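You will see subunit A twice below: alongside subunit B first, and alongside subunit C after that.
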Partner chain A sequence: MIISFYLNGDSVEADVPPNRRAVDFLRDEFQCRSLRFRCDDAFCGACLILMDDSPVHSCILPAFELRFRNIWTMEGLSSSKGFTDIVEGFKAARVQLCAKCAPARALATEALLRKTVRPTAEQIRTSAESVRCGCSSTARILDGIIRSARLRERRLDDR
Partner chain B sequence: MDHDERTLSEKLSGRIRRPYDAGGKRIQEGIVLASPIESGRITAMEIPEPPEGLIYVVSQDIPGHAKITVGGVDLPLFAKKDIRWKGQTILAATSPDFDTTSDWLSHIRIETNEDSTDASNENGSESEYRWTKGNLSASFASAFQVVEETFTIPGGPHEQSENTVTCLRDGASFTIHTASPWPGAVRRHVSRTLKIDRSAVNVRPYSVGPGSGAADEMFKTLTDCCRAALLSWKAKKSVRISTSPNNPSSGGSPPGAEFHIKGAVDSEGRILALEAEFTLFAGAFFPMAEEIMNRIALGLIGISPIRNYSIKGAVSFSTSPPSELGPAAGFELGFLAGELFASRVAENCLLSPGGWRRSVLPHKNQHFGPGIPIPKDYGLPQLLDKALSASDFERKNAACEQIMLSRKNLKVPPAAFNGTGMSCAWFGNGFLNHPRELESASLSLTLGIDGDLEIEIPPYTSGGVLSRAWTNIAVGTLGIEESAVKYSVNLPEGTADPGPSLFGRNVSVYTKLLELACSDLAKRRFRDALPISVSRGRRRTVKRFGESGFIEGNFFDTVSWGVCIVESTLSAETLEAMPLHIWLFLDGGHLLMPEHARSAVEAETEKALIWCLGGTPPRELPMIDVAFYDSLSKRPPRDISTLPWLLVPAAFVRSIRQASGTDIDKIPINPKLFRGRGIGQ
Partner chain C sequence: MIDKSSAPRVFFPRTINEALELTLSEPNAVFWAGGTSIAKSTGQRRLIELPRSLISLGMIEELARASRSEFNLEIGSMMSLDRIASIGRSALPAALPDALASIGNRPLRCRATLGGHLANSSKSADLRALLHILDAVVETRFLRERKGRRKPLPSTRKLSLSRLDTETGLRAGEILTKIIIPVRNWNYGVYHKIFPDSDHKEKFIFTAVARIEKGILIEWRMALSDSRNIIIRDRELEIALAGKQLPMTLKELDFVDDLVESTSAGAGMDAYTRRASKNLARAFLRNAAG
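== the complex of A and B ==
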């Protein structure tokens, strides 16, 4: 089945077998190496992608579901201006992330900041819990998200 | 952009590679066939004709050792006849097409003779351990009171992690890409399994994550690496093996334990004698059993000086996957039980826990525990004083105690009951038993003609933060630019394979070696022509712990100390236990990276709490105050990220005991534990 979709802002097309998972498809065909394998069960969130601005676990998503969708991974997001807000915010909160969960953490934060730059406590907590990893304390991650949101808001205001 | 920001940016953008990123599109996927039964014998196996290009490996195909010997235990790479746990690997296969391989595997027929006999320890190592000293009967006869404690701790915690190993083949050489805390053992076991020279095996170690996550998949990665290498050797192709964490073949959990402790206590609250029995619940195999059992015994005794003791430990094997190391390799079990016993002694003596602790702490020139000399830089009394005053522990403890004792008189029960708990612990950096495979460490520095410094510390990848601290040491000693410091990712040639980078070895051992090598290089660079290479190594082979039957002597490179106080609440309506505030006062010597240390302690504290709560994060996050003991004297750095595992569970359980007014005797702490116990009535 040939599907077309938008990946990191570009229109792409590929042949995809029906039993292929989105995580394997994006990694193998489009070199989206920021997608990690970990639980294969939509639990850890290491394979998160942004599908039409919503975070989705690509390890349980059939690749054909990507058809006509707007997909973002950290390969595309890391070259955007908004990425620096997340880096600065997490750095200021002194979050010590591991290489396994960090891209998904950034993606979940970006998903939240695309929705709102003034997130509620509940939204922040939900975003933090969408990636499960023991490398950093929840309090620091929440702080990192809050600081990222403030930076994003300031940057948008300046513009 | 500074170093930290650059590293964080690389991590967040996903540019840092992982084992499954190694190799190109032509890499073949390997799949393992797992045992469908828990224990028994394979009576017949019907393997269909493999399609073209499909290669499979069973036990008989292994050219070298079919078992890996680690921690005194032989772990089979494939089940030959006997099956010891559900999910044990029987066969591994690979072909250019993943679907072809899985389809072929589904046609294999295995006939088994399932038996229900308990798995026994076929490795011949002891399954019963005993430590005794002094005269117990006299102590118990003269005791003012006898205090007893019973506690059950489940196995775990076990983090879900990536389970991918990639073996890249280039002619006769193999490069293993794995996230292992022990790359030295990977190289040794792969070369033994394939019966090839060690120099033909390269290991590219990836970061295994900070803190306790490094330990709990140590043995599993070794077997996975050997299987991937075997497939690669037979198929003459590069092979990647990924196993699902939900598959039991992916390795077991750290063991759990059940304790019964009895202590003879005099009228002033001093422990005269300790009699303890514990059973450790292990998987089908229990690597590093001696190390873990000894650590449990040490943790049980804890800090109070105890002259007479009799500790009996037994291992109960099961048909679950081989046990992995716990976050503190046994200390987390021993200290939890030992500190709960200490709290009970204080309660039974009608003393405040803080005051009792203060009175029984060993003084200078005394021994702590059963006979371990107090180090010169012993700062526990100061830590305890600071913790008690910062947390206002004595007042809060008295208030909670009053409420607990008078709760039956309350006409309207409150919505929640509060409790406080405290614990003290020490943690030894490194390993107790010192076989060379665990303790050897070496590094080499090369100052090149262009002024670049190449540092060969292979396990540095397991602590990316430490590489920055080490860079600072090199820059400070040699006066070179930060950008001139380079790290080699290869294991050093011609030296013994380094031991695992666990339990503070990176901090205490490698930092010391690096300091020595840097100062040597600083002297030589004005004398010798460039390039100059300096190597430093360590092969510690001292008398094994407990050979005399006593627990005496100096076992660890360095010891870190800690005091923890936890304030918790227990809802009278939902019976939900929740930590409110945690104070941690830690002595980690000269901290290499204080802010990173703080962050690591917070993360481990949270993990330890989640473990106590049975895997569920607390609904509300507790406040975590971490303070490091600040000494003016320059003392060697030591590990502090493991201490929360020893401190927090004991203090948390004690606080919940006080809040509930019941003797909960196990974790996880969940509402079920309190049902029917009349909380709030």
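== the complex of A and C ==
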């Protein structure tokens, strides 16, 4: 099946079996090496991608679902302006993430900040729960998200 | 190496009628909503195990809308749980935001749809008990049959949730199009999902809504649900307490205990869930008093 979609801002097209896992497809065909396939059960969140600005697990997503969608992975996000808000926010909160969850954590935070730059406590908690990894304390991660949101809001206001 | 010949065929209709007409040429095709329950059961395999033929409903805009009138909140079956939650607490019926938040995590809720959640035959669908006490009905569309031959004439019918759970529920080729929740003045509601065992395999759901005016319990509804029972509801108890002044007396709360005990015991619930049901019913009525 030939599908076309937007990947990190670029229009792409590929021939893929519709039932291939999106995580494998994006890793193998488009070198999205930040995506990890750990739990295969939509549990850990390490395979997170942004699909039309919503965070979704690519491990349970068949490739045909990517059709005509706007997909963002860490490879694209890391070269965007907004990424510095997240890096600086987490740095200020002294969050030290491991290599396995850091890309997913950044994408989950970006998904929240694309929705609102003034998230409620519930939205922040929900965003933090999108990725399950024991490498850093929850309190610091929550603080990192709050600081990232403030930086994003300030940057947008300065425009 | 991936064998492409065994790949399923996927169709992307843009309207409900197009999807229904596809069922004529593809009678064994399965409607695809969010697909979370199918994909989650695949395990570590490289390819997701899908039916041979799929009709994806993701491109049908009509199914992904919500509207609210004076009488009803209508939610398109392809609206994701996350999008429903983003409608906001003030516009959603009591307890529904909490019930939505209790399902998986945000990435899962961004994929899972309300229609898929209800069409799934699993007894443990988390929202059923709450939607049942809110008097929700589902609207479906199908091609009308005549003399054993289907004609391409789309028809609509409405089903209560209890009928959806039985054999009279969704037929082959029938699409669940929307969920209609009557707008009533429920001003207090709770939803609790409890996992009695540490392995989180079995769950127990307690949900209740109430309409309270000037300290009087005008109307209330309560439902329990576990892996053995889709919905347990005691209408006798609901009627018996209507019109009572809040907070209730100890005698009245003991009466609630007795009825909840007999209802849950009659449904075959174990001692832990029976006790939890009683405690939660008491807590609900105590907190409803403000």
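Criterion: the second predicted complex is superposed on the first by the 159 of 159 C-alpha atoms of A that agree within 3 Å, B and C clash if a C-alpha of one lies under 4 Å from a C-alpha of the other, contacts with A are read in each partner's own complex, and residues count from 1 in each chain.
We take it that a contact is a pair of C-beta atoms (placed from the backbone, for glycine too) under 8 Å apart; a residue touches a chain by one contact, two chains touch by 3 or more.
No experiment lies behind these values; they were computed from the predicted model shown.
K.L.:
A:R38 contacts which: subunit B (first), subunit C (second), both, neither?
P.N.:
The first partner, subunit B, only.
K.L.:
Mind working out whether A:R21 is in touch with subunit B, subunit C, both or neither, as first, second, both or neither?
P.N.:
The answer is second: A:R21 touches subunit C but not subunit B.
K.L.:
Considering only touches as defined above, state whether A:F30 meets subunit B (first), subunit C (second), both or neither.
P.N.:
neither
K.L.:
Of subunit B and subunit C, which one contacts the greater number of residues in subunit A?
P.N.:
B
K.L.:
Is A:S137 touching the first partner subunit B, the second partner subunit C, both, or neither of them?
P.N.:
Only subunit B is touched by A:S137; subunit C is not.
K.L.:
Check the residue A:S127 against both partner chains and state whether it touches subunit B (first), subunit C (second), both, or neither.
P.N.:
second
K.L.:
Just checking: does A:E65 make contact with subunit B only, subunit C only, both, or neither of them? Give me first, second, both or neither.
P.N.:
After superposing on A, A:E65 lies in contact with subunit C but is clear of subunit B.
K.L.:
Should A:V87 be classified as contacting the first partner (subunit B), the second (subunit C), both, or neither?
P.N.:
first
K.L.:
With the two complexes superposed on chain A, say which partner A:P55 touches: subunit B (first), subunit C (second), both, or neither.
P.N.:
second
K.L.:
Show which residues of subunit A both subunit B and subunit C reach, each in its own complex.
P.N.:
19, 40-41.
K.L.:
Which bits of subunit C are touching subunit A when the two form their complex?
P.N.:
Residues 2, 4, 7-10, 12, 35-36, 39-40, 42-44, 46-50, 54, 56, 58-59, 80, 82, 86, 101, 104-108, 110-111 of subunit C touch subunit A in their complex.
K.L.:
Applying the document's contact rule, which stretches of subunit B touch subunit A when the two form their complex?
P.N.:
That would be residues 4-5, 8-9, 11-18, 20-21, 25, 99, 159-162, 164, 206-207, 209-213, 242, 244-246, 465, 595-596, 598-600, 602-603, 605-607, 617, 621, 624 of subunit B.
K.L.:
If you look only at subunit A, which of its residues touch subunit B in the complex?
P.N.:
19, 28, 33-41, 43-44, 73-75, 77-78, 83, 86-88, 90-91, 94-100, 102-103, 105-106, 133-140, 142
K.L.:
Give every residue of subunit A touching subunit C within the complex, in rising order.
P.N.:
Interface residues on the subunit A side: 1, 17-21, 24, 40-42, 45, 48, 51, 54-57, 60-62, 64-65, 67-68, 108, 111, 115, 122, 126-127, 129-130.
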